[in-house]
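Structures for review follow.
Next come two complexes, and both contain chain A; in the first it sits with chain B, in the second with chain C.
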Partner chain A sequence: MSTSVGKPIARVDAFDKATGRAKYTDDLCDRSALIIKIVHSTVANGLVTEIDTSEAEKIPGVVKILTCFDVPNLPFPTAGHPWSTDPSHQDVADRLLLNRRVRYYGDDVAVVVAENEVAAAQAVRAVKVSYEEYPVILDVFDAMKEGATQLHEGFPGNILAHSGFRNGDYEKAIQEPGLIKVEGWYNTPTVQHCHIENHICFAQMEAGRVVVTSSTQIPHIIRRVVGQALGIPWGKVRIIKPYIGGGFGNKQDALYEPLCAWVCTQVGGRLVKLDCAREETFVSNRVRHAIRTHIISWVRPDGSFAARKIECYSNQGAYASHGHGVGAKGMNCFPQLYPCANVEGDCWTVYTNRPAAGAMRGYGIPQAMFAGESHIDDIAKALGIPPLEYRNRFVMHQGYVDGFSKNENYYDTFRQVLEKGEAVLEYQKKYQQYQNQTGPIRRGVGCAVFWYNTAVWPISLESSSCRMVLNQDGSIQVQTGETEIGQGCDTAYSQMAADAVGIPVSDVHIVSTQDTDITPFGLGAYASRQTYIGGFSIKQTGQLLKERILKYAQELTRMPVANLDLVDGKIVRVPDGRVLMSLGDLATEALYSMTHSEHITAESTYQIKSNAYSFGCSFAEVEVDIPMCKVKLLNMVNVHDCGKLINPALAEAQVHGGMSMAIGYGLSEELKFDPKTGKVLNNNLLDYKLSTFMDHPTLEARFVENPEPTSPYGTKALGEPPACSGAPAIRNAIFQATGVAIDQCPITPHVLFAAFQEAGLFEEVCK
Partner chain B sequence: MYDLAALYEANSVAEAVSLRLAHPEAQILAGGTDVFVQMREGKRAGKALISIYGIDALRGVTLEEDGTIRIGSLTSFSHITKDPIIQKYINVLGQAVDMVGGPQIRNAGTIGGNTCNGVTSADSASTLFAWDAIVELTGSSGVRRLPIQDFYIKAGVVDIRPDEIQTAILIPKAAYEGYFGHYIKYAMREAMDIATTGCSVNVKLSEDKKAIEDVRIAYGVAGPIPMRAGTAEALAKGQAVSAETISSFAKAVLEDIHPRDSWRASKAFREHIAVELARRCLTQSILLAGGAL
Partner chain C sequence: MAQFKEIHCTINGKSVTTVVDVRASLTDMLRNDFRLTSVKKGCEVGECGACNVIIDGECFNSCLYLAAWADGKEIRTLEGLLGPNGELSDIQQAFVDEAAIQCGFCTPGFIMTAVEILESGKRYSDEELRKLLSGHLCRCTGYENILRAVRKTMEKRLAAREN
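Now for the complex of A and B:
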């Protein structure tokens, strides 16, 4: 039997997207829409005392101006998490639609509604806002200081949350004689997702309900948050999600859908559109948490761990959004990745006056891997053990089981991926060759592993629903609540559905758009879960549809169901392999039969109560031009064990994208803040140094395909993992090349200038 | 949708001059790669524009009878890079402007707009400074020519009178004959970036290639406007081609440049890079000129 799964078929949306035919949110918005533009605060910490809209209202074309004094007092949470019916597990509700108490430079204080963009922009400039100002707090340690202004009621010390763990006895273990202490502080920056399509949404009232079309990853969750924010029943809200130009987690949050929906209700239900500019996307959407990580390892001379400790200080920014989940995820993988009997961890998530941090591809793991894998090279250096050898000896072994998630390392994945990556980069040979270099231009190789898991079970709900509808010609429509956000799940789902039902993939019509009125309930795209989670309900629903088809086939052929199968779109009598009829003929008969007409459909929900480790590694080769303070990335390899590949071509593309993100994280990307005002200085794509093709070497993606036993298709996470280990691999390669350990990213020329100066490298090489 | 008061389109230089006089408040628009960006940001919102983009007479590179290279002000960066006259005589200019932005910007952006912006970081500017370029302006009383160093007044301000538009950039034969040059754009990434510091050097060697007969070095982002490093030039002129000459030349640029601290880069960092760029640009220029090191 031919299968679709495992084949590198072209994306189902490739032609529409390449020809510009695919419709995105703005393409769907009628040109009659009123334009919403936001007035953002120009202080980072303060209270709006007065808003003077008189000049702005005089501008021709201005329809309405609404301010923070007009919004309902209904604090709402924004994180794109499944709702919890247990109040203690619900996300922190700390935002209003517009905020009088402003907490970052760029907070939303008012909106202008106008007939066109020019009038709206002019009015935004003409609105005068007065503030009472408080001191600006950008760093976690300043926020935690005694006397620091409290940003939110109920969170003393600006600590949103703290969690930790204690395994074994750290204090006792460090008494062991002969231990070597390796300690480091590792800092990661505030970065932004930089998806191509900025967040945009439009809303209008229809039949007493508010309908919002949005560039989001999570339509069903957005419906709930809009309902909460407006104080209306959730059924009065309808969310439509068309094709979107990327999200990377930024759109796994209620961004401006609640505001847009509310403004719509304030202008008589007229169509209103809110389209974020890139400058706003950088500041007033979500960012990645900057995390300060402190690690202490007590190691024996043979490299084994006696005790370890990790402390993470996660910069939440102004609002809770995804909150503590991000830093905690990074902390919680620490005792798993390099198991050690005596290990302590603490994580504090701290409010500051930076933009609100939310979900971003990797969800705490890129930060944790930069810290943890930089630290592993620091240990290897301290002990004189080659870093790859160190990892091979001590990284998680086969058979490891995490007590909480019940995740099991079923295969010896780490050693398999490291072996493969080593071979592609020729790491060992180069590592020897690059030892003890002198001169201004030096090369180095580095590696790093990463820990990841799939989906959010058992912390949150995992559930997927699927609907399949049979057409006259034997083709089917497939719908799920999981969303295509550019990652290719429409294609992967089509392949899975084809195999589950027994039809060619060309007969699967995936319905890409999610509409909460008609799409089965699902939670959307996040946590690298789409392929894994969707697989359960697609397989189950496909089997259900197939059962119904074969039952109908029995009526038509009078053959026992047990002797029938659906193969490649044909009803086959199994014992002799004879094709009895095509599925198209069967479907036509089923719909138009004068004796038994039936629309054959299937729909089901699958609740998933498992999770899966998804591991891999990165290798990097760099050339460091010391006088120029520049790093050139010569080669980069990522190796992933994400189980069986559903579509190898899409998997490779996914890895390339993640590697690109890791390169920017390692070398160039960071939001810069004015220390006095808290204003983001580089909220544009010129000054924010997203890496380009020209900054990339050829990206090598490789896979180890150990079938995941908990998945119906043997698959697991690949969405976020590619972004997790690249930055520390680059850092470690620079370390080998120069002997200089950089404990922060991005490793920009400015950082290298200071570090090389301190290390005396310029005297050595610049004559 | 742009917030502009009016758009006037000139089809000839004369028409542009009279539009300038009729609408003194209006902003000249060439390729639009900066003006529209600023307008969108609100900096030039509500302004009137005089577009000179349709004046085809201002496009193209020609060699005048006396050997002067004439670059029409509306010549795009990509046309400059691919122009055979540029490639033959002052290839480094083509290389420098090929580092501006990305391909779309290089197709739309013009050398006239790049210099009239008056910004220190323009990739064309430091190279034109190093070539002793002449700026040609045309106004109601005719043509005015001035050295590019005099054209730049201060950051963002150049010497264009209310009735003038820039019509050409000229490189005299004496400035390029026998010279070989190299430009390094030091930026944070390999494309789509603005120079942290840019350095352009050209050099003329003695007939035996053993001595530096003349050398010119110019910088972008080493001060508020592009600038030459005269002390370094004077120091290297007439010296033997050697590593020592290059090294002392490179260090001497610090006498002339005065970059500032900003959130984009520190003064100390820019100075460090400026010295290294001088070293590398001069080395490469000497090699291109046939010198041995």
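Now for the complex of A and C:
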């Protein structure tokens, strides 16, 4: 029997995307739409005292201006999490559709609705907003200071949340004689997702309901949030999600769907469109949390850990969004990656006047890995142990089980991926070669590992629903609530469905669009959950459909079901392998039969109560020009164990993209803020240094395929993991090349200049 | 200055006449008046390359090219590459085969620059290809498979010419 899973088939949407036929949100919006443009605050911390719209209203084409004084007083949460029916686990509801109390430079204070873009843009400029201003707070420590302006009521010290853990006895353990203390502070920047399609949505009322088409990762969650924000029953909201031009977590949040839906209701239900400019995407959507991490390790001379401590200060920005979940996820991987009996951890998530931080590819793990894996090289250096050897000795071993998630490390994955990455980069040879260099141009190699949890169980709900419908020709439609956002899940799902039912993949028609009126309930694309979580309901529903098909085949063939199978789209008598009929003939008979007509379909929900570790590593080779303070990335290798590959070609492509994001994180990307006003200084793709074609070496993606025993397809997370370990590998390569430990990213020439100067490298080179 | 102007141009081989707002970009004209939705808007200030089209044989970010300037020009978009019976061109097929497409939003712009590169008839090194393609941003692919697709098509065309 031929199987589809495991084959590098072309994407099911590739033809439409290669020809421009694939429709994205803006391509679907009727030209009659009224245009919504947002008036953003020009102070980072303050209170709107007055809005004068008189001049703006005179501009021809302006239909309506709505301000923060007009919106319903219904604070709502925006995070793309499954709703919790337990109030203590619900996301923080801390913003209104438009905000009078503004908390970042770019907050939403009013909207203009106009007949065209030009009138809308002119009117936005003509709206006059007066503010009462408060001091601007951009850093977590300033926000936590006594006397700092409180950004939200009920959160003293601007602390959105604090969590921690105490394993063993840290204070006692550090008394052990002969311990070496290694301590560091590691800082990561505020960065943005930079999907090429900006967030966009349009809304109109149909049959008394508001229908929103949106570039989102999470249509069913958006329906709930729009209902909450407008104070209307959730069934009165319909969300449609077409193809989207990337998301990376930014669109795992209710961005402007609630505002667009509400404005629609304020103009008689007419069609309205809200299309973010790139500049707005950078500032007024979501960003990645900047996190300051403090790590203390007490190690024995042989390298083993006696005790460890971690403190994380996560910069939440203006609104809670995904909030504490991001910093906490990063902190909680710390005691697991390098197990140690005595570990203390604390994470504070702190409101500041930066743009709101939400989900972004890796969800706290890229920050945690930059800190944790930089620190491992600092330990290795302090002890004089080669860093790769150190990792091989102490990183999580086979058989490790996490008490909370019950995740188990079933294989000796870490050593397998490190071995493979070492071989591809020729790390050992180069490591020896690059020791003790002198001169202005030096090379180095570095490595870093990562840990990533697939999906969100047991923190919150994990479930997936799937529907399969049999057509006359024996092909099927497949629908799930999980969304295609570019990662290729439509293709992986088609392959899984083909195998579950027993038909060729060409007979699977996946419905890419999610429409909350039509699509089974599902939570969307996040937490690298798609293949793992979707796989459960696809397998279950496929089996259900197959059972119904074989039951009908029993009627037609008079053979017992136990003797029948569906193979490659044919009803086969198992004992002798004879093909009795095609599925197409069966399906046609089933629909049009004068004796027993039946539309054969299947639909089911699977609630997942397991989770899976996804592991891997990065190796980097750099050349550092010390006088120029420039780093050239010469080679980069990522090795992943994401279980069995559903589609090796798409898996490799996925890894390339994550590596690219990690390179930007390590070397160039950072949103810069004016310290006085809090204004973002580089809210465009020219000044924000996203990796370009010129910034990459050849990207090498490799895999170790250890089948994940909890998944029906042996698979686990790969969406986010490729972005997790690249930046610290680059940092560690620079460390080997120069002997200078850089404890912040991005590692730009400005950062290197200061660090090299402090280390006396310029004098050394000039000698 | 009049707000509207009548222009005549050729779009994907077809001669057209249209009236444009003199402030409109070519992106707006192609998307709104001709529904050529392969022309994508990613930044509208010439940074991302998603709106790239070929004008008189040369690639331009259509977002910062005025529609009014299109008068008398020959414009090609991704829609024009498909064969008469819906066949993919070699470069489109290479993007499919090399898994060079993910979300697909940057794809049309990239393919049109690839067309310009391929039509030069020159052989370029990887470094040169990287530079020629660097006017486009992509957040999904890490550019790796895009490079493979363009290189493979270039070699195929050059081999076909040499034989």
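As a convention for this text, the second predicted complex is superposed on the first by the 765 of 767 C-alpha atoms of A that agree within 3 Å, B and C clash if a C-alpha of one lies under 4 Å from a C-alpha of the other, contacts with A are read in each partner's own complex, and residues count from 1 in each chain.
Please note the rule applied: contacts are C-beta pairs under 8 Å (C-beta built on N, C-alpha and C of every residue); 3 or more make two chains touch, one makes a residue touch a chain.
All values reported here derive from a predicted model rather than from experimental measurement.
S.K.: A:558 contacts which: chain B (first), chain C (second), both, neither?
M.R.: Once the two structures are laid over each other on A, A:558 reaches no partner at all.
S.K.: Could you tell me if A:689 is touching chain B, chain C, both of them or neither one (first, second, both, neither)?
M.R.: A:689 contacts chain B only, not chain C.
S.K.: Between chain B (first) and chain C (second), which does A:26 come into contact with in this model arrangement: first, second, both, or neither?
M.R.: second
S.K.: Return first, second, both or neither, reflecting whether A:244 touches chain B, chain C, both chains, or no partner chain.
M.R.: second
S.K.: Between chain C and chain B, which one touches more residues of chain A when both complexes sit on the common chain A?
M.R.: The larger set of chain A residues in touch belongs to C.
S.K.: With both complexes superposed on chain A, which partner does A:676 reach: first (chain B), second (chain C), both or neither?
M.R.: Neither partner.
S.K.: Could you say whether A:118 touches chain B, chain C, both of them, or neither, answering first, second, both or neither?
M.R.: both
S.K.: Regarding the shared-chain residue A:749, is it in contact with chain B (first), chain C (second), both, or neither?
M.R.: A:749 contacts chain B only, not chain C.
S.K.: Touching chain B in one complex and chain C in the other: list those residues of chain A.
M.R.: 118, 685-686, 691-694
S.K.: Would you mind writing out the residues of chain C in touch with chain A in their complex?
M.R.: Against chain A, chain C makes touches at 23, 31-32, 36-38, 40-45, 47-48, 50, 77-79, 81-82, 88, 92-93, 95-97, 99-108, 111, 130-131, 133-134, 136-145, 147.
S.K.: Mind listing the chain B positions that touch chain A in their complex?
M.R.: Spelled out, the residues of chain B in touch with chain A are 1-3, 42, 45-46, 186, 188-194, 196, 243, 247, 263-266, 268-269, 272-273, 276.
S.K.: Which residues of chain A touch chain C in their complex?
M.R.: 8, 10-11, 13-20, 22-24, 26-27, 31, 118, 193-198, 243-246, 248, 277-278, 485-488, 649-650, 652-654, 656-661, 684-686, 690-694, 696, 698-699
S.K.: Enumerate the contact residues on chain A facing chain B in the complex.
M.R.: 116-118, 121-122, 125, 627-629, 668, 672, 674, 681-682, 685-687, 689, 691-695, 748-750, 753, 762, 766-767
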